[in-house]
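Labels run A, B, C and D following the written order; every chain starts at residue 1.
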Amino acid sequence: MPSVVRAPIRESVRVVGGPDGRIAGPGMAGDGLGLFHRLRLQAPAVADAARPGQFVHVRCAPPGQWDPLLRRPLSLHRIDRSRGEIEVLFRVVGRGTGFLAGLAAGDEVDLIGPLGQGFPTDLAPGETAVLVAGGIGVAPLVALAEELAAKGAPLVAAAGAQTAEGLLAVESLGKAAGEVLTATDDGSAGHRGFVTEVLAGLLDHVARPVVYACGPEPMLRRVQAMLAEEGRRRRGYLSLETRMACGVGACLGCAIRQAKPGTAYYHVCHDGPVFAAEEVVLGG
Amino acid sequence: MPSVVRAPIRESVRVVGGPDGRIAGPGMAGDGLGLFHRLRLQAPAVADAARPGQFVHVRCAPPGQWDPLLRRPLSLHRIDRSRGEIEVLFRVVGRGTGFLAGLAAGDEVDLIGPLGQGFPTDLAPGETAVLVAGGIGVAPLVALAEELAAKGAPLVAAAGAQTAEGLLAVESLGKAAGEVLTATDDGSAGHRGFVTEVLAGLLDHVARPVVYACGPEPMLRRVQAMLAEEGRRRRGYLSLETRMACGVGACLGCAIRQAKPGTAYYHVCHDGPVFAAEEVVLGG
Amino acid sequence: MADLGVVFAGLKLKNPVMTASGTFGYGREYGRFFALGGLGAVVTKGITLEARAGNPGPRVVETPAGMLNSIGLENPGVERFIDEELPSLRQAGAPVIVNVSGHTVDEYGEVAARLDTAGGVAALEINVSCPNVDQGGMAFGVDPATVATVVGGCRRRTRLPLITKLTPNVTDLTVIARAAVDAGSDALSLINTLVGMVIDPVARKPVLPRTVGGLSGPAVRPVAVRAVYEVAAAVDRPIIGLGGVATAEDALQFIMAGASAVAVGTAFFVDPLAAVKVVDGLAAWCERHGVDWIGELVGAANPAFKGPRPGRA
Amino acid sequence: MADLGVVFAGLKLKNPVMTASGTFGYGREYGRFFALGGLGAVVTKGITLEARAGNPGPRVVETPAGMLNSIGLENPGVERFIDEELPSLRQAGAPVIVNVSGHTVDEYGEVAARLDTAGGVAALEINVSCPNVDQGGMAFGVDPATVATVVGGCRRRTRLPLITKLTPNVTDLTVIARAAVDAGSDALSLINTLVGMVIDPVARKPVLPRTVGGLSGPAVRPVAVRAVYEVAAAVDRPIIGLGGVATAEDALQFIMAGASAVAVGTAFFVDPLAAVKVVDGLAAWCERHGVDWIGELVGAANPAFKGPRPGRA
């Protein structure tokens, strides 16, 4: 992986804004939850060191309480170095994210970060960044879009979800990317169908695309396949999720199989969460 | 025990007021904590059924979180039937009481109560109630004083603590009891010495005392000894504490040895927490 | 509505949710919170031949997501149990399973014989985790030969279904399970508590006067699920799975590991309605996942499950 | 300032706080959070003869106050460990204890021999919890004879102090502990993880592809404290106590049960500074309670403690 691990910082940071919960429409989330929140955190040291695609590892219980035990990894959704703030965008799926959804401005949060390898953002002349988000996978892509835009890199974005209500942070993404092509399973917004179908259209039109994708595993598999297609391999990066314990490379818990034949595992927290698409075997 | 167990009620009640934390002076609490809180709870069903000396068993973690696991027993400090409210007064000693200290008005609390046997409050003509509180042991005695006062029963009260700052709820106690004799270990308020010394004076002057005591075990032992003194046994009741699991008599975890020779244990949650002084072996 | 009824070791149960011995007294206490008839079965606190006073306090201590207990089998003895507790239990509207304990092999058999004729007892659960006074206090349940003796002794004294409750504090549970089955146990119940200890650093001594206690609660659940999974692949007898069951999802873990029934224990102390919620949660889950009958799920996650599936009640 | 230094199995330690094998990698990762020299010793991830890729994911799953892991001994093999990891570990400023694992008896001995001459290794911790491929995959550590063979095999190949790390998944830990000591183990380390399992009801299968995993974290602490208490009363060898240590008070429970040192494991995942806080907390506690030297507290809550007390460093 290209980028260098920066020294992670553990800080007790303060909630600045949020949670600004938003209830997605019924049927949005497979499990019937589907509640999204955004937290703005005063975390100058993390903001300063962070790069898009990296994550923070957040404690989701009060000090001295051991259930839930483990930290939860959340991507950096926005990085505001000038204000020393970061934002995370998350879906409530269980007890950890449920705890975070209950925080209020002024509360303290114990986090470690920035962790892992971010997205490589050096585009060659003529290359265009193509961002593809599935559901909550939009979280890290907003930070990426903002960095690419700040660099003046050419950039297009597509976001998909099950329904229009699940299309998150499209405004933020649009502000940086200019336009966001959308897709929903039920056609309630944008293209009716998968966001990978929108991606296919983009790949046909963009000369030298560099794909950045984050979303559910089936979507990432499809992206991976599209990038490897027909001999004309395209450059692309996937942001992956695995269950994690330490988040820093010490426990070897977050294994994902390397694509190189015969060899072993990458560790998502340390070698990723962003990988070149051809490096990893998804679901391995 | 005389009183009848009422059907306990489990309700999700709301915090009305508090916590109005108060930091006791340094050296007050043995462990250096010594932070007291009072919570007023909207709990009409509990308030309606409750009697002084009974307790509520309070969950001290959010739903679905298993650490800390067990409920915490807290005495009814005040019972306001007309407003459907109860109050608890507690010292922060660990994670459970720490959690409660963090609650704010409007929060929900999961409690079971009223539990256990309260103080017998029927005084014979000529009898005078003598209330003796040690430290946080004042908590149930305020509810008792208020009930006795409402009945027009003759009543005196004494409260002791390590320092003046540890003398809690003396105003409430005084309002019901008329006057409160105080004692502190360091003489910073009232008699310099133990509250049992104040009790000794009271016993000399009150013709037919009925003693009600709550406080640390050494104090209760002393009270027990004083009541059993010199052949002239006096009527008296002690409110006891043991570690509890269920709080309702099912687990048999809260055993305290019966004074009857050869026999077994009482269960504090079910047979107590109030016992006639001669019934129990303290520290057994 | 999904069907939760199962036939377990010959007993018709409304649903597969029972109470764990020792956490539910004789049903009176939690009977004030909900109707016992809504449970699959009520399992009583352990009964011995003579009354036992139990251990000095403290008897319980909280641990992370769990607790230790050292109750010491406080109980009124089998005669007073039959006279004072059984009459109301018979009215509970749920089958009554009596947990049988003892400190000698003979004691178990005596208690079993006495309960055999008491009437209103649906089955016996033989608790082999008690310290064996004949053999220096090591639990009966850690030695297959002793388990066989205890179970066989009860088998000869009663025709009631026998459920042997296994202790997890052994190297190989399947050996013990087989010994119990071969000696005539109709079913198994697992797990009893893990042995644990908490020390008070300031006092410089164990919190429990008897030093060790039994660990229970959500903390032990992964150990319990694995125990059921392992034993369900080794013997072909129905299993009651327990250890940290607090929600319907927890119960499903045990059921899919191979348990035909589950029991709620320590979770009662957290929520008196825990078992009721497990029953309701199982019904809702089955509904949501298109499961007609809970029995279909027994062993569903255990490729080596030996059976039998419970009967349809 | 209270003196936290101890001599443990001949090693001079600044304080009795170590890292638990497998939770601390080879020190690099948490070395970015604090200086390793502040620890009593660093215990490495388990090393095998050849490199091992480990198990497919998911490898970890959270449980109430604990977690299961099924890493599968992923490691670079002893040669690459010596070449790539040991050089920086030698600079750590704390003694390095290498955790030795294997799937055959011979493998352990080979690894021990190779580490004997590597230089910069202070002691070996023999992890007998690995599945024994020679005997059908049951862990080495559950059978005293096998433990003796493994430990004896290592003993003949190295003069480094040997610490045998015991698995708690046995009926009687003291039998295994004695076997290890009789075979030449200088010290013991306990406990390794409990075997556990989590089932995903929706997927209807175990979450971990290998079905079972090792349970660790605060949930297991009572089991671990009791294990130390029991073994410390049975053998006269120094003990490293571990299993759920997250605070100085936790560490004190182990020390007073009879451990001369403690190790922090899963707690690192909760708080990267956990071990540092345990060290500071022990110093503060001793100060507050008038304890001059931590070694005085070893076995303080265990009337049957066999010793030895650690030496004063």
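Note that contacts are C-beta pairs under 8 Å (C-beta built on N, C-alpha and C of every residue); 3 or more make two chains touch, one makes a residue touch a chain.
None of these values were measured; they are calculated from a predicted model.
Hey, what chains does subunit A share as contacts with subunit D?
Touching subunit A as well as subunit D, we find B, C.
If you tally contacting C-beta pairs, which comes out ahead, B-D or B-C? Let me know.
B-C
For subunit D, which other chain has the most distant CA centre?
The most remote chain is B.
Quick check: how many Å separate the C-alpha centres of subunit B and subunit C?
Spacing between the chain centres: roughly 36 Å.
So how far apart, in whole Å, are subunit B and subunit D when each is placed at the average of its C-alpha atoms?
One centre to the other, that is 46 Å.
Could you tell me the distance, in whole angstrom, between the mean C-alpha positions of subunit C and subunit D?
34
On a C-alpha centroid basis, what's the spacing between subunit A and subunit B, in Å?
A distance of 53 Å separates the two centres.
If you look at subunit D, which of its residues touch at least two other chains?
Where subunit D meets two or more other chains at a single residue, that happens at 63-66, 217-219.
Give me the residue numbers in subunit A that touch at least two other chains, ranges are fine.
Where subunit A meets two or more other chains at a single residue, that happens at 64, 66-68.
By the document's touch definition, which label belongs to this structure's chain graph: line, ring, star, complete, or other?
If you draw each chain as a dot and join those that touch, every dot ends up joined to every other.
Across the complex, what residues on subunit C touch subunit D?
Of all residues in subunit C, those touching subunit D are 63-66, 68, 142, 169-172, 194-202, 204-206, 211-213, 215, 217-223, 225-226, 229, 244, 249, 252-253, 256-257, 285, 289, 297, 300-301.
Touching subunit C in the complex: which residues of subunit A?
Checking each residue of subunit A against subunit C gives 66-67.
Please output the residues of subunit D touching subunit B within their complex, sorted ascending.
Result: residues 64-65, 218 of subunit D touch subunit B.
Please name which positions on subunit A make contact with subunit D in the complex.
Its residues touching subunit D are 7-8, 10, 59, 64, 66-71, 110, 112, 242-257, 263-265, 270, 284.
Which residues, counting only subunit A, touch subunit B once they are in their complex?
Its residues touching subunit B are 61-62, 64-68, 95, 99, 102.
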